[in-house]
Each structure stands twice: as C-alpha cells, then as structure tokens.
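Only one structure is covered here, and it is reproduced in the block below.
Which chain is which? They are A, B, C, D and E, in the order written, and residues in each are numbered from 1.
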Amino acid sequence: MNTFFILVGRDLRLSVRHRADTVMVAGFFAITVILFPFGIGPEPGILERVGAGIIWVTALLASLLSLDHLFSDDEQDGALDLLLTSPAAPTLVVAAKIVAHWLTTGLPLTLLAPILGVTLQMPVGSAAPMMTALLIGTPTLSLIGAVGAALTLGARRRGILMPLVVLPLYIPILIFGVGAIDTTSMGFDAGGLFTVLGGFLLIAAALCPWAAAAALKIASE
Amino acid sequence: MHALANPTRFLKLAATIQPWAAGLCILCFLFGLPIALLFSPPDYQQGDTVRIMYIHVPAAWMGLFCYGVMAAGSASYLIWRHPVANMIAKSSAPIGAMFTALCLLTGMLWGQPMWGTPWVWDARLTSMLVLFFLYLGYIALGGAFDSPEQGDKAAAILALVGSVNLPIIKFSVDWWNSLHQPSIFSMAGISVDAAMLPPLFLMVGAFQLYYVVVVLMSVRAQVLTAKIRAAKLMRTT
Amino acid sequence: MTGFAMVPAMSNQTQSSVTLNVSNLSARRGGRTIFEGLSFELQNGQSMAVVGPNGSGKSTLLRVLAGLLRSETGTVQINSYNTQDICFSGHRDGLKGALTVHENLTFWANLYSAAENAVETAISLMALEAVLDMPADMLSAGWRRRAGLARLALGTASIWMLDEPYTALDTENVTRIDNLLSAHVESGGIALLATHQAPGFTPTQRIDMANYRAKAPEGPEMDW
Amino acid sequence: MNTFFILVGRDLRLSVRHRADTVMVAGFFAITVILFPFGIGPEPGILERVGAGIIWVTALLASLLSLDHLFSDDEQDGALDLLLTSPAAPTLVVAAKIVAHWLTTGLPLTLLAPILGVTLQMPVGSAAPMMTALLIGTPTLSLIGAVGAALTLGARRRGILMPLVVLPLYIPILIFGVGAIDTTSMGFDAGGLFTVLGGFLLIAAALCPWAAAAALKIASE
Amino acid sequence: MTGFAMVPAMSNQTQSSVTLNVSNLSARRGGRTIFEGLSFELQNGQSMAVVGPNGSGKSTLLRVLAGLLRSETGTVQINSYNTQDICFSGHRDGLKGALTVHENLTFWANLYSAAENAVETAISLMALEAVLDMPADMLSAGWRRRAGLARLALGTASIWMLDEPYTALDTENVTRIDNLLSAHVESGGIALLATHQAPGFTPTQRIDMANYRAKAPEGPEMDW
C-alpha cells in the first residue's frame, strides 16, 4: 500500500510540477465546450437540450487526450522497464497511474462541470446529477482508457489508434451518463441509471488494471 | 484442441474438411436463396419485406458468433500460446466485420419501411455498431506493430476486453424497451411461423459454412506465409 | 575519492543465498530465435561479462533475465534474500526530465524501500552534488547516465544487470562505475555486464553470445 | 521542388506503411461523429439542426489529434536535427509535412463527410457545400495546426497544450465553415462565406510555413 | 551575434576551398554560458577530436557548429564546394523505425542529392546487406547505430560532425567507422569528432573543452 502511494505521488508530482498542467486539462475542457455554441449557434432551446451530451462527449475526449501519455512517457525514457523490474507489482503500477490520472483530469472535470453547464444554459437543477454522474463515470473512463493506452503502447500512430480502441468501450458510459443527467433534470428518478454507472465502475475496476498490466508486458517485448 | 495446435497437423485436417464444407455451403445457398427470396410465405404484417430477415438474422448471428470465436481463440492464444488459435481469431475478424456490416445494412434497409427511418439510436442497434468498431479496432491494432507477435497479443487482449459487449447486444432488447424485434427463440417458444424456419436455417447453414471455408483458407495461407517468412529470416541473418 | 563500502541491506543475511540459475534458455524476437541452449549459474560474489558482436543477443539476454521478455524455452531461477532482487539498467536510463536529479533518486529509493541514508550515500558515491537540483532534462549525456546509474548505489538489489553502462561516460566516471561494481561483487552481490568496452574490473565469468546463436531450424519439423 | 516531393513522399510512406493508418483517421472521425447522437439522443429534428456543427468540431479534433505527431516523432528519434542540417530549407520541410498531413487526414475526412452527414440525418442537399467547405477549410486546419505543433514541441504535456494553442485559431474556420453549410442548405447563397474561407487559406498558406519553421528552430535549441 | 556566412556551390572549385572557421565562439544553455573564447580553423584534410569531461560542452559545440543552436557570441564560417556542407550525427540516430534500413538510407541519399550508386556504396561500406529489409525498429543498438552512420558513407557532405559515433559498436564496427573517417579526411574532407573513446584514426587537431569553460558569472550580475 505504501508502494502504491509512492507511485501515485510520483505521477502527481510529475503532472503538477508545472502548475500549468492542471490548468491545461481544465482549459481544454472549457475551450471545447465553448466551441459547440459556436458550431451550433446560440439558440437557447437547442443548447439546453444538448448540454449534457456535449459535456460528456468533451469529458471523453479530454480523458482520451490526456491518456495518450499515461504510459508512453515512461516507455520513451526507459522508466517503464525499471518500474516493471522493481519490486512493485505491474498491476499496482498500473493502478497507481490510473488513480493519478483521475486525480489530475477526472476530478477537475467533475468540479468544473457545473460552471460549464451554466455557459451552456443548462437548468440549475442539473448541476447535482451532472456532478454525481461524472464522479462515478470519469474513473471508469480512466480505467478503460488505461487499457487502451497500454494496448497501443508500441503501436504506430497511437494518437489515432487510441480513440478507435477506446471510444467504443466509452459509449455505454456516455449513454448512461447523459441519461442520468437528463432523466433527473426532467424530474424523474434516475437511480437505476446511476446504479448501472456504478456497476460499470466496479467491473472496470476489477478487470482493467489486470488487462492493462498484461498489455504493458506485451508492449515491453 | 491441443492436437489442432500443431500447425502441420492442422494443415492436413483443414485440407480434408475444406472441400466438403465448400460443397455443402454451395448447396445451402443453392436451395436456401430461392426458397427464402421467392418461395417462402410473406409475413401477414410486413409483406415481402420480411424476406430481408433471411439475410439479416443469419448475418446478425454470424456477427456475434465470429466475435465469440475471436474472443475464444484470443483467450487460448494468450493462455496456451496456440498459434493456430490466434490465426483463427485473426481470420474471423474481417469476416465478422463483414457480417456485422451486412446486418447493419440490411437492418437499415428493413428499418426504412418498417420504422420509417433507417436508423435510431437504440440499444441493440448502437451496440451492434459498437461491435463493428470493435472489429475495426481489433484489425487496426493487430496491424499497427512492427513485430507481428506484439500486434497479435495486443489485439487478443482487446478482443477479450471487448467481449463484454456480447451480452449487451444479446440482451439489449430485453433490458431496454426497444423498437427492435425480440428474440425468435426464447423461453416462451418460437415466435415465427413454422414455414419461415427451413429457409432461415438453410441460410444460417450457408453463412456458417461460408465462414468455415474462408477461415480455413485464410489460416492455411497464414501458416504457409509464416513458414516462408521464417525461412527467409533464417537465410538473411 | 573515499572507499566504496556498500553498507545497507546486505548485513544480517547469509550471503550464500543469492543465486541466479539459468538453464537451457532460448529467446525469440521478431519471429526469429536469437540464442538457444544457454545455461549458467552465478552465485554470491560472482560476476559475468556478456560479450558478443552487435546483434548477438546481449540486450535480449539481459531483458529475459530481468523478466522484461518472455523466454522461448528454459528457466531462469533467482534466489535472493532481498525483496528487490534485480537492478536493471538498459540503453535508456529512465530519468524523468521534469524532476530534479534528487527527486528522481528519492523516488527509486522509496520504491526500492532503501535504507534511510541510501540517497545521500548514492549521491556521494556518484559525486552528483553539483547537479542535485537540476531537472534531469538539462544534463549532458554523461551526467545523465551517471544520475541514472546512481540507482545502483542505493544498495538494495543483489543482482545487477547492466546493458552498456559505460556509454557516454568519461574516464573518471568509468572508473567510478568500476569501483561500484567491484564493491558490489565483493560484498556478495551478483553482476551481469553487457558491454563492448573492457571493464576496469574483472568479472569472474564471461559468456560469448556468439557461441549460442541459434541453428537454422529449417525443414518440415518447424513448429511454432 | 524535387526536394519537396522527396519529403512529402517520405511522410506519406511513413503514414501509409500499413494501410491500417488511413483507415484509422477515418475511423476516429466516424466514431466521434457517432458519439454525438449517443450523447444528444436520436431525435431527428435536433440532430439535423446541429449536424454541420458536429462534423466541423469533429474535423477539428481529428486534425488536432493527428497533428500531435507532426514534428514530435522526428524530434524524438533525432531525425529533425538531421532534416534541419540537411540542404532542404526548414520552410520547405515544414511545408512538405503540412501537405502530407492534409493528404492523409483532411482529404479522407472531406471524402467521408457526406456519408457521415447521412447518419446525422442531414439533408441530402448539404453534401456538396459540406465537401466544398471542408476542402477549403481542412488545409487551413493543417497549416495552423503545424504552427501549434512546432510551438509546443519542446513543451511538456503537448497533448493538452496543443488544443489550447490551436483551438482558438481554429474557431474562425469553424464559424465560417458551419455557416457556409447551413446557409447553403437553407437555400441562400453562401458565396461570401466560401470566399472568406478561401481567404483564410491563402493567408495561412502564406504565413504558417514560415511561422512553423521559425518555431521549430527555437524548439531545437 | 552570430554570423553564418555560407559561400554557395561554385562550379569548378578545388577541394582546397573547404574551410571551417570558428572565432571567439561562446554558447549559452539553460541560462549559463557553457564555453567561451573558442577559436579554431579547419581546412580540407584536417580533423579534430573534441574532448573534455562530461558536461564540458562537446555536444553543445557541435550543435552550434551545425547551426542547431545559436551561439552567444562569435562567428562560424563555412566555405564549401558542396551544396550540402554538413553531415551531423548526434546522440540519436534519426532512423525511422517503421521504414526499412534501405528505405531510410535511400531517403537521405535523395535528400542530399547523392550520386546514383551512393546507396549501394554506403551499404557495402557499412556491411548492411543482411538487414536491408528489416524495419529499423527491430535492429539491435549497434546495428541501428551502424545503419544511422551509413548516411556518412553517402559521400555528399564535406564536413562531418559526429557526437560519440562509437556508442554501442563492437570492435569490428569501430574499425569500420575509423576507416570511413580516414578515407573522408584523406580525400579532403573535414571531420569533427566528440568522443570519450580514443579513435583508431588520429585526428590532426584536438580541442579540450575543459580549457574553454566559462568563468562562473555568479553574483548580482547574473542575468536570466
């Protein structure tokens, strides 16, 4: 467990070394969310209707973009070899990286979402379900994304291959995440949808670190 | 199964099975297609459009089946390192992708008269589309490495991870109320006219045999290219 | 320069328990068997130079021994009293450019559960004081390698596997590494060293990879 | 000029080495376009209304993702140093990379757009203006993106920094590109908008290769 | 400020026109002046070993001379009869892993406008026949370096700047590079060689970077 915190601490330090980094994830999120009103036009009725979808799609893309470097930085400079020959179990290394990734992307996104909801003219009541859905859903994104990042590690054109591998697996989270927000803000009970999201999280937490560790072993060959 | 893991023995076995499967496949098409498209009864509700079913349903089943084979082959490749299992998985991918695309296309053709729109974002339809992308991802990932072995293993893991999608497709009609038809075969019995079953089964058989023939051909080709490549590498270095 | 005494980790244990046992090893890469039929044993205090021309499989051997590559056949058995058996060092040094040299070293020390003052010992052994607070990105090739090899001096692993450690080092630093190696081996450790340069310390064993090159397994029996 | 074709040829060969590559760009584009109906829901009226916006936003993101590797691959393996010390002028090197990038991303995207328009239930009449707009607009994306890629070359976390630098410059193209499609499919004449897009392209073509070459010089220091 | 005066290709010049003229050069990196007051001249057939301990500025000097880094003061003047004056080779070799060795080499030959059969000559000089059709990614460290250095053997540049070319090479290949260097210098080229290993061929000149170390500009005057 101690090892786990050492690993998480290192990744956090690397990503907060320049404070700019966390700002960047947030900035990307904000800019992309702001692109849509430009692309769609400012009509309030439509924006309001598609707001939850845009926030979720952007969260997926932000997560995807930042996952690109999850393992490849360590692979490039040889640190991955050293981590894999260290006393830390590969699964633990992967799990620590996933946690650090969520802390630097998923968590800020979750905290920022209500503010961005306002710019998309979403109803005030949607803030709470939005944050809850993101809080349950974004860790699953990091988990699944880690598998994709590990699988595509040695591959050419990772930047393009990653989305192809990962996005199909993200789609269920997107559907349920948006559904949970929309259902709640329409005044219905979305408990079932949140439960499904939680179920995804549990399954992903149980499977993904192992799958990613196995994929890493292959990549280092 | 372990006996089949030896490529040389597999080659022999494949050579004997293949002509039989090919012949049977042609027979099934010869009988199945005319019966399905011309001589079977029209549906009391859907009229002649129901004939799309004889392509759509076998294609859908094959799309799922190929993924199942792919996942099983990938698992046995990862666990027991059976090279032939991997080759079967690899050859199943493009065929499965093709059947899935066929299912999507015929579904869209069918949807136009039945639902008034070719496409709705409904759980079964979208999960089938996701399946298609998983196939594409598997193919792309497998070809994206310099070392073929690495690509094979990475793609195998993806196939296993993606197999969580299979039950979602299968049970999506039950879990979410959907525009799409529920299962023909369920606990409650068979839900179509008995006269529709023979052509349906002939078409299913034809598609299945077609799959077997193509996979055997492709695996044989892979075995031979691998041998040639190994021999070449030996000579150069 | 003061003496190189490797104090930590080794003290209370019987040193006879460190062994590296390799039998009938073969490895495959890019669809080709690189070497085969390789067997040897190293015990505490023994070291081995892995030599051979370019492309003969030195790096591949070390990666297989370190568990980074799967062997095709054969076994690698490691007995050691340490939780962390192996300290591997490859062509790339694994430093994080955004972290300072000190931060890099501290991370590995923590991960390896090194002794309290291990970092300070390593720093003085490798004479890294001048660059401690520099981001590793700003180091020259030789300093960088030196900072990377400082991991060895943390004194936690009993088996060192070094792939061309002398790359980019000037003579003074080559000697520094040699001294480190001698001290490690003298205190009961094991070292494997793949290099084209003659090391300043004499390994007890020597394996020439050219002797284990795989024979072409052509013909119908081929079975992969 | 000959040098130019040698350089373009090399980049094309690198990216078409495995045919999978071009499929991947297309795949990413398709997947992302398909995410939106998931996020927004299947109601035809709304999808139709926002279709052009979604296609353009996705084209921006696809372009952005693939630009990430425009220079960094060559920087990582030292090839950039060699290119910059070669007889080829840096501006020529940059221009060749931009052309190769457009040929492998912008062009396939343009060709694919009408098909994706159908899945977004856009009117058939919008296909022609959409392709024209993309044909004029995507080269500008590659040009601007190249400057961003060169500017962020030495920076850490390029994957996240790039969008921040480039997206603001992409916004005008987005606005006019969407405007051109929507105006035409509403039956009005969008000639003026296309002219503006063409103007952007000319300005970008005149400035960006130089700016990117200058940025590269700085990054290699 | 820097002045790069490049005299372009003039038709019928003798090879005696190749000169590299460096005067009062100093370079700054990471806010610190690395070396200063460096002047020398190399003419056709001359070569120079750039030596000095780790971090003394060998790589920095070569990068400044190749135009990859700006100098702080001083000038670098290159006169040459070739369109392509410089062949630079750094710590990293610039091979594209996805391309085969042959494709890599052909690209550079085309870009450098090398002679018709230059690629074949280079291949046989570096004995690369066995790996021509291998993707460069699959080469061992030494083979990779050898394939990277084959650019030199294309015979186009008159001034070679090599940063630690011997890295990862076995003795046979070190000799190969040495022969290449001797032949280049004998035929009137210029070579600069930064290395810690003693080369098998003897450069006519030698510069020790330790002698040009900048005085510590510490105190309140420091400007960054």
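Heads up, the rule we're going with is that a contact is a pair of C-beta atoms (placed from the backbone, for glycine too) under 8 Å apart; a residue touches a chain by one contact, two chains touch by 3 or more.
If you're wondering where the values come from, they're calculated on a predicted model, not measured in any experiment.
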| item | value |
| --- | --- |
| Each chain counted as touching subunit B and subunit E at once | C, D |
| Most distant chain from subunit E, judged by the mean position of its C-alpha atoms | B |
| Most widely separated chain from subunit D, with each centre as the mean of CA atoms | C |
| Cα-centroid distance, subunit A relative to subunit E, in whole angstrom | 45 |
| Rounded Å distance, subunit B centre to subunit C centre (Cα mean) | 49 |
| Computed distance of Cα centres, subunit B from subunit A, in Å | 32 |
| Sites on subunit B at which at least two other chains make contact | 126, 133, 136-137, 140, 144, 146-147, 149, 237 |
| Overlap residues in subunit C, where contacts from two or more other chains coincide | 29-30, 55, 91, 98 |
| Overlap residues in subunit A, where contacts from two or more other chains coincide | 17-18, 76, 156-157, 161, 164, 167-168, 171, 175, 221 |
| Every chain pair meeting the contact rule | A-B, A-C, A-D, B-C, B-D, B-E, C-E, D-E |
| For the subunit A and subunit C complex, residues of the former touching the latter | 3, 6-7, 10, 13-14, 17-18, 74, 76-88, 220-221 |
| Subunit E partner contacts - residues on subunit C that touch it in the complex | 29-30, 52-55, 59, 91, 138-143, 146, 164, 167-173, 196-197 |
| Residues of subunit D touching subunit B in the complex | 18-20, 23-24, 27, 31, 34, 37-38, 41-42, 44, 119, 121 |
| Contacting residues of subunit C [partner subunit A, same complex] | 29, 63, 66-70, 83-84, 86-99, 103, 107-108, 110-113, 151 |
| Subunit B residues within the subunit E interface of the complex | 146-147, 236-237 |
